[in-house]
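After this come two complexes, each holding subunit A, first together with subunit B and then together with subunit C.
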Partner chain A sequence: MRKYAEIAKAYLKTQLVWRADIIFNMIFTVGRILFAYLLWGTIFEGREQVAGFTFHGMLSYYIINSFLTQLEMSSGISGELSARIRNGTFSKYLVIPVNVEGYFTAMEVGTVVFYLFFDFLAAVVWIFLFGIEFVFVKTFSIILCAGIMILLGLFFMVQLNFFLGILTFQYEEISTFLMIKDNLLALVTGSIIPLTLLPERVVELMRLLPFYYVTYLPSMLLTGNNRQEAVPGIVIMAVWCIVMQLVIHFYWNKYIRKYDGVGI
Partner chain B sequence: MNNQIMNEMIIETKNLTKVYRRFVKKEGLRGSIEGLFKREYEQKEAVSGIDFNVREGEFIGLIGPNGAGKTTLIKMLTGIIAPTSGEISVMGYYPNNMKRGFKMQYAVVMGQKSQLFMELTVNDTLRLFKEIYEIPQEEYIRTRAFFTELFDVKELMEVQVRTLSLGERMKMEIIVALLHNPRVLFLDEPTIGLDAIAANQIRRFLKEVNQKKKTTIVLTSHYMEDIRTLCGRTVVINHGKKIYDGGTEEMFARYHDVERIYKEAEQDA
Partner chain C sequence: MRKNFRVIKELVRLRFQNLMMFRLGFFGPFFVDGSLFLVQLLVFDAVYANVDEIGGWQRGEMILYIGTFSLLNAVNMVVYFFGVGGIPDKIKSGEMDLYLTKPVSPLLRLSLESINPGSLPLVVMSLIIIAYGAGSAGVRWNPKLFAGYLFWVLLMLVLYYDLEVLIRSLSFFVVSTAKMQKLEEACISLSMQLPGTVYYGIYKLIFCFLLPYGIMATLPVKYLAGECTLPAALYGIGITVLFSALTALVWKTGIRHYNSVSS
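Coming up: the complex of A and B.
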């Protein structure tokens, strides 16, 4: 376990080297909050509630959701894996005594910890600056459930991107897969609009998919909504993680034999 | 009896073959469109029926022109790729099973595949490799001190890797690779692109590592100076086949220069 902690630490240190990156990321977080403030301000003009949300409730949802969306940075994994498999430098992970998926998970942890701190800081500053009456659940068990769901959701996304990355062994070019995933995610994670605004049948379908539990449900739980879905949500997400792990195990063993290490 | 003959066999391959399958793309737009509907593949035999043995503690050179199959052989010996056919055993393991016990006992330095973190210092990477190879703290400090002194790089350990010169970076790659005292070290073109002074330094260090630590070293290089200075035995590969396996001095005495080695050794084989 210590080796993976050290890998995470190495990637955290790598992030800390770039000062401009930190500043621009914080500005980006601020930009998203500003955009949400203006957009929802217009929508709520003359109305008390939209889809069960008050103006401040909606902004709180948006801040939490965009904070979680920014923490979810695992798309770098599929990109890195794909590029390294294609150019032959993937070998560097195969020759050291680590589990490659574990290495990439630790890499993600190191990156997330970095953004966790700075994005949280930016969000807090702007909540005060805009005078947002931040809506946040006070029940400990719900906060705990949301926390577990966030961890499972982030882990699932690492698994998904790892799986998409190793498809390069078979298909060599995976940019179409990644494009489909990104477009699908933008809609089904509720990062554009809360899913409650969609028809109930669509939401029912999404409840069966893992993406519903990555950022959307945790955001809803933390803003005091959908409490009855907390425990079933954890179970569904855990099942998805197990299924995904089995899929990775099967395809890794199948595809790794195909790797020819050709490249630079 | 010679010490090397008494040592146990650490690498053994028998009739080792690797065939790559590659897509043949016709030129032009028409060829590209045709390729969408009908794919043609060709088989390329990169390594063909090679028998190759190395004893523990040996320093062996692997030479051959570009595309001869040297790197493919190294990739099979390190488990990166699976052979198409034949037998292979490295320290008693089948490399492509990629067992942890196997990976703990070897290291590989390949020119373009850096293990260093470019944004961090060498000490940061070493600390990571200490954990990856589960090296006890005392041993880590002792080994690090040994290599930083041997390579004379003490003042570079706290410098961001991306600011190092090519020669300095290669020294660091070798230190990272040797940190866990591997039984076998595979080096693929370690002196490529280095100036004469840096290349000489690397050779001197490798010789010392082989002698002091008794590390078995398999070296591929295009530079005959590397082979002549370091390797007691040389294996020449051309077109995927072994065309010479014997003493390095004997090889140079017989064929004189690299061109003749590749041409005449193939005729002799």
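Coming up: the complex of A and C.
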């Protein structure tokens, strides 16, 4: 465990090298908030509620969802894996005495811990700048459930991106697929609009998928909605993490034999 | 002029030869951007299931907006995006020397040497979205309406091109324009999701004047919907002329400022 803590620490320190990136990352979180502020500001003119949300409740949802989406930085894992497998430098990860997936998980932990403070700071700044009457749940058990779900969701996304990355062993070029994945994830994780606006049948289907629990449900829970889904949500997310781990184990053993260390 | 056409024809032929070597990636831009605009359609479909109008626009106008933005983006991807996108690297690496020594306009060659026919299906998809949106909005096509819409789309493509070249031309003066390009991405992403009709106050100043991404798909749709007033039309033409002049000025100054390898 100590070696993974060291990897996390190393990546935490690495972030300090790109100081301008930190500031720009913070500034660019405003994109989603501005979108929500302008779109819903127009929609809420002359309306009290839309799909159960008040204007400030809706903006609070976007603030929390944007904060969580910004924390979820694992998409770099699939890109890094894919690039290194293609150019042959993936061998670097095979010769160090760590589990490769564990390495990337530790890397993600180091990065997320670093950005946690700055993303939180950005969220607070936007709340004040846009004059949002921030809606936040006060029940400790719900906050705890949301916290567990967020951790499971972040871990699931690391697993998913690790899995997609190792598909390069088989399919060689996956960058187009990764970009399509990012477009679809923005919808199914509720970062463009709350999923509750979608037809009920679609939402029911999404409840079976893990993406519902990555940022959408935690954001809803923290704004005081969907409380009855808190515990089942944790169970479903945990089951998905186990399933994903089994899938990774199977395909890793199958595909790693294809790697010849000279690039594609 | 005739020489330029011959150069363009040759650039297109070379590009096709190059693309045929990487057949798998050929339709990549279509699938990526196609999924993006389909997501947009689903999003606004969901929003309109809960509200009747957004900023005075009903569902049909919004579909037209998404279709028009998709069309602008698709033509941009086919014709000049990949060429213009390479400008900063060519300035940084000194590769720009090769373009300056050729007997053809460097900007023309840079803009058209990387055309990407892989996005052509996106043009078709955009036209289908526009046709669907026009049907939903009750637009009755006639030659005058079609010509007017085409004029606005072409004019806004010029504006789109101006903004792309302008941002990348800053590479002549600064070490990296990566953050400016991130800002551009953020503005495009926002404007893709929001029509110009929802901007007000400072946001209108930013997205309709300083970085006029907000008017690019809005004006063609306003014209189709019969909402394009004379001041709005003059404003659209004026801002395109202004940005074309600014882009030409920055590009020409940049070329003079360029001091070859790794400037």
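The definition used in the following text is that the second predicted complex is superposed on the first by the 259 of 264 C-alpha atoms of A that agree within 3 Å, B and C clash if a C-alpha of one lies under 4 Å from a C-alpha of the other, contacts with A are read in each partner's own complex, and residues count from 1 in each chain.
Heads up, the rule we're going with is that a residue touches a chain if its C-beta (ideal position, glycine included) is under 8 Å from a C-beta of that chain, and two chains touch if they have at least 3 such contacts.
Given the structure is predicted, the values throughout are model-derived calculations rather than measurements.
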Partner chain(s) touched by A:L144 [first = subunit B, second = subunit C, both, neither]: neither
Which superposed partner A:L129 touches (first subunit B, second subunit C, both, neither): neither
First, second, both or neither for A:T42, with subunit B first and subunit C second: second
Contacts of A:T176 with subunit B and subunit C, given as first, second, both or neither: second
Subunit B versus subunit C as contact partner of A:I7, first or second or both or neither: first
Partner chain in contact with A:K92 - subunit B first, subunit C second, else both or neither: first
Touching partner for A:L34 - first (subunit B), second (subunit C), both, neither: second
Set of subunit A residues, in rising order, touched by both subunit B and subunit C: none
For the subunit A and subunit C complex, residues of the former touching the latter: 20, 24, 28, 31, 34-35, 38-39, 41-43, 47, 50-51, 173, 175-176, 179-180, 183-184, 186-187, 192-193, 197-199
Residues of subunit A touching subunit B in the complex: 2-3, 5-7, 9-10, 13-14, 17-18, 88-89, 91-92, 94-98, 256-257, 259-262, 264
Residues of subunit C that touch subunit A when the two form their complex: 24-25, 28, 31-32, 35-36, 39, 42-43, 46-47, 49-51, 54-55, 179, 182, 186, 189-190, 193-194, 198-199, 203
Subunit A contact footprint on subunit B (complex, rising order): 20, 75, 78-82, 96, 98, 100, 103-104, 106-108, 110, 112-115, 117, 119-120, 124-125, 127-134, 160
